[in-house]
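Read from first to last, the chains carry the letters A, B, C, D, E and F; within each, the first residue is number 1.
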Amino acid sequence: MKIIHILLLFTLLSFTISHASVNDFCVADLKAPDTPSGYHCKPLANITSDDFVFHGFVAGDTKNSFNAALTSAFVTDFPGLNGLGISAARLDIAEGGSIPMHTHPGATELLIIVQGEITAGFLTPTAVFSKALKPGDIMVFPQGMLHFQVNTGKGQATGFLAFSSANPGAQLLDLLLFSNNLPSELVAQTTFLDLAQVKKLKARFGGRG
Amino acid sequence: MKIIHILLLFTLLSFTISHASVNDFCVADLKAPDTPSGYHCKPLANITSDDFVFHGFVAGDTKNSFNAALTSAFVTDFPGLNGLGISAARLDIAEGGSIPMHTHPGATELLIIVQGEITAGFLTPTAVFSKALKPGDIMVFPQGMLHFQVNTGKGQATGFLAFSSANPGAQLLDLLLFSNNLPSELVAQTTFLDLAQVKKLKARFGGRG
Amino acid sequence: MKIIHILLLFTLLSFTISHASVNDFCVADLKAPDTPSGYHCKPLANITSDDFVFHGFVAGDTKNSFNAALTSAFVTDFPGLNGLGISAARLDIAEGGSIPMHTHPGATELLIIVQGEITAGFLTPTAVFSKALKPGDIMVFPQGMLHFQVNTGKGQATGFLAFSSANPGAQLLDLLLFSNNLPSELVAQTTFLDLAQVKKLKARFGGRG
Amino acid sequence: MKIIHILLLFTLLSFTISHASVNDFCVADLKAPDTPSGYHCKPLANITSDDFVFHGFVAGDTKNSFNAALTSAFVTDFPGLNGLGISAARLDIAEGGSIPMHTHPGATELLIIVQGEITAGFLTPTAVFSKALKPGDIMVFPQGMLHFQVNTGKGQATGFLAFSSANPGAQLLDLLLFSNNLPSELVAQTTFLDLAQVKKLKARFGGRG
Amino acid sequence: MKIIHILLLFTLLSFTISHASVNDFCVADLKAPDTPSGYHCKPLANITSDDFVFHGFVAGDTKNSFNAALTSAFVTDFPGLNGLGISAARLDIAEGGSIPMHTHPGATELLIIVQGEITAGFLTPTAVFSKALKPGDIMVFPQGMLHFQVNTGKGQATGFLAFSSANPGAQLLDLLLFSNNLPSELVAQTTFLDLAQVKKLKARFGGRG
Amino acid sequence: MKIIHILLLFTLLSFTISHASVNDFCVADLKAPDTPSGYHCKPLANITSDDFVFHGFVAGDTKNSFNAALTSAFVTDFPGLNGLGISAARLDIAEGGSIPMHTHPGATELLIIVQGEITAGFLTPTAVFSKALKPGDIMVFPQGMLHFQVNTGKGQATGFLAFSSANPGAQLLDLLLFSNNLPSELVAQTTFLDLAQVKKLKARFGGRG
């Protein structure tokens, strides 16, 4: 039937477009190199529903010094996010635990409280913006801001995080300052911390120098 | 102490920058007109921690024909999101209910399953990408794709949504086609639906013509 | 002459830059994988004037059920458009024909009327924006909006389309709903269409289920 | 009927979103100041179908020294384009006429030949990319490139132009060099043109100095 | 002369476009509110050459505790930068001085060494990238990275900085951690610093709590 | 110690993210093809501090016809800039020399005067914005504008340039018009230059035709 002509046209058009489109989706081929805009696209022929679903957004193990765990669903975990400007992570903090000061250079973060009470905040040179949050609350941390989350309630606290990038980055301040081999004197000079404090934390966080 | 000089320099610099920066944050002044990049920024002097927190991310009332409810945290609900490229919504679907076919012209959507089972999917001209999702699962719906969510489990299903825009838009297909005054014959001609079907749904969804 | 030195500097500089520049142009290598920002660039040495010209922007064959034809000049047809944020298509609608409801998830569309009369419009949940257009008229359809074009005049109608993306996508609503294997019951549930209507259109548009 | 609840929810949601959305559309309020992303949005209540249609895309008067005319449909002519990344213009060149060398700093240009023959091209430091174009041909001029169009056929030539910006700018080289008050000696020094040539063209194009 | 017609057309076109263009330039009206894309544009009629020139890019006074000074040319200092994605600052560090650890959430930084020797570096969780730099050297600090500059030579060191944003922000780590009223115990908990260290630095940097 | 667990988590997370991140940095692999967003990223394992430092930002040789030299630090010279939206160049102009009219299609330029006096300006169809600049002055040239720099002082003049793109392009007007094989008659027709002037400059700048 002649309908096939135009359908075929649109289907081929769409198929060709879908095959080519950077606008519909571009599931990441994580084996190929990265580019500033994201990974190469897997061929459409290899794409299935599973490419758009991430399993494993489950509670992490909080039995550690921070009493906290972070389970990420970034593009490297979930290739279907490639080029789509969004990602997620799950935060579990045991009673008394916290996620220490950190930044996401590449993204704004949304924190949705699922369970418990989390006191969270971000810092600017002139002010700290901080609240005690409960289920029903959402807090936003603008891109690049230094921020923290602390379980200030009873029992476990859980939050779901969303980011405005497929690959937000996660930089923990203590690792930046104390886990590498920048000389302790230089760390002290550029942070105004006591040299003894620096050496003590370098020992704790695996740094040298 | 002389430290005040440089501190003052950095503080003033930072304060001036923060006051001016479109890069730190720009809490929306919803009373002023919109622009293509977002709302005007409230003056820094008026900004408090409360601008970065949204309360009310709670279950909506699902006692309606769809047996579903959507609670939004978009920039118009949560002015702190202005210009930050992210927003959220909460989805509650009672047993047997669904969110009908819809698109977000302005954003990619992430669905994080919180409770129950939701079968969700998006459509392309050549394929449907669809999965039954349970807690621990996340699904991504690329920007502009027509998609749906159906409660295919027992009891209530809940999901948290994140969007790659502060104002993703939400366009329900039935409202687009049947709730306005586009003449029924024209709707039928451009959708290949039977005229009787169009008239029936126009009556249901409040359209005229 | 010493002028050669500086000319050579600028030429080499420009040549090196042109060879490398993502800012001048990046003619698509359609044989290599896509990335979120577009295709890989063909080497400059292989670029000729022909890479920047598309032939074949001619009337399509409208003898089909829609009585319409779409001739595309997207990046996959015209590699010189790669990364440049623009593309085109030609629309021919025979008398009484139409382009059914469709969206371009990735781009805004401009319709320039060349011949005849086309009634076109796009839909929002609260309003339909629609006009009868004649030569001398241009209409804009913002990105992602569901829209249609109908020949409401005598004889053939022709329009030239421009898009704000090199690869706008084209998603015909009937193909999205009725040409795949999403179960008819699910389509009915999520569109409020009668099951019989769904089955009838699935048969027409080649869907199963 | 309870359907009203959810419909009302979606309608209000959509209405609120549409009212607020920078993502659906933002018809320009040309009386208010501009911003880097575009004009302020007219209130939704004032938007009609006419905001999305431009009339007057008609042949210009080519009886002038260039034997050419340009009719623009940029955002300042067509406020509905605001923030949408696209605009258009119509080019009419009488026999023997031309559009002299010019650039669009803000956009890539597509030229669709409608009638006649136009030889068009753009320049790079190492090459000129140029073709004689006929109806059925499209040529792309990447953003910022110096380019020209000449009627090299019989009778009038007409082209439709599309741009990858709502406000592409249009800078004619002769106006840049010869219509202002930059001293002739400085123009000569920085272009290597003979002083006499500069003075002659300044006289022609209304410059002083 | 008829030339006036087309010249007038282009001039008016250009003038109108220039008046309206967000693409040519948009000198900031710093008295009006900010938007996510930048400030409102001053009317073209009020624009002079002085809007595009910044005076005062001179050595700052380094007689302070850091023995360093920063002189900024950001959009708030230099309104002509508005919307143009670039800004600058001048860095002067006396012998033995340094700019302590800081970030620019909104921009990548380039450091061009003008005089003396500056050891500079940025930190990632897994590595520090750091070099001793001399005149002839440029170093890049990607957006949002924590970085420092230390004068490790004889006499004064000077560098010119460029940023990939008109308003990069400047956040000094010590001010973020120690100059506000976040409770000392919370700072200690989220940084693993000793409480005594925190209190000591809060006293130094003007914080309370 | 259990701290290793969470540290390892963050380190691996960060390492994985850094390895993958398009948001931290993406040092260019110049041997692989380019894409619209930039070059492919070198593997993190191959990245050292040297990737973020450019040597050779030194005075160029001004003994040529222009009496000027340009030393570039663009991404093709300095791969660490890839995807970061910034680059630099150094300008040296001997007494009486100049950089002739040119554009950077891809970037806004900042000129920081280091030594001597440079008169610089950019042209629009309606005005020239031009100033005599001395050390302490910065001038901005918006993207795509035709501009020039002339040494109007005594002795050598030096400036440092920054660009809002990693690959701004550099197009010298005389090379565009006179160094290729566009027929002289066509150049004359589209610039209103005398044919003799065109031929003379083609001879000077190596063009044919």
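The rule we apply is simple: contacts are C-beta pairs under 8 Å (C-beta built on N, C-alpha and C of every residue); 3 or more make two chains touch, one makes a residue touch a chain.
As the structure is a computational prediction, the values presented were derived from the model and not from experiment.
Engineer: Compare the two sides of the chain C and chain F interface and say whether they are made mostly of the same residue numbers, over half shared, or of different ones.
Structural biologist: different
Engineer: Quick one: chain B and chain C, Cα centre-to-centre, how many Å?
Structural biologist: 26
Engineer: When the C-alpha atoms of chain C and chain E are each averaged to a single point, how far apart are the two points in Å?
Structural biologist: 41
Engineer: Based only on mean CA positions, could you tell me how far chain A sits from chain C in angstrom?
Structural biologist: Computed value for the inter-centroid distance: 34 Å.
Engineer: For chain D, what residues touch not just one other chain but two or more?
Structural biologist: Where chain D meets two or more other chains at a single residue, that happens at 10-11, 14, 18, 23-24, 35-38, 105-106, 121, 124-126, 130, 142-145, 169-172, 175, 179, 204-205.
Engineer: Tell me the shape of the graph of touching chains, choosing from line, ring, star, complete and other.
Structural biologist: Topology of the interface graph: other, matching no listed pattern.
Engineer: Any two chains that touch count here, so list every such pair.
Structural biologist: Per the contact definition above, the touching pairs are A-B, A-C, A-E, A-F, B-C, B-D, B-E, C-D, C-F, D-E, D-F, E-F.
Engineer: Would you pull the chain A residues touching chain E in the complex into a rising list?
Structural biologist: 98-101, 103, 105-106, 119, 121, 123-128, 130, 142-146, 148, 150, 169-177, 179-182, 186, 189-194, 197, 200-201, 204-205
Engineer: Residues of chain A touching chain F in their complex?
Structural biologist: Of all residues in chain A, those touching chain F are 30, 33-38, 60-61, 63-66, 68-70, 72, 74-76, 105-107, 165, 167-172, 175, 179, 204-206.
Engineer: Of all residues in chain F, which touch chain A in the complex?
Structural biologist: Where chain F meets chain A, its residues are 1-3, 5-7, 9-11, 13-14, 16-24, 26, 29, 32, 35-41, 43, 82-83.
Engineer: Touching chain B in the complex: which residues of chain A?
Structural biologist: Result: residues 10-11, 14-15, 18, 23-25, 47-58, 73, 78, 80-81, 84-88, 108, 110, 112, 114, 121-122, 124-126, 129-131, 133, 136-145, 160, 162-164 of chain A touch chain B.
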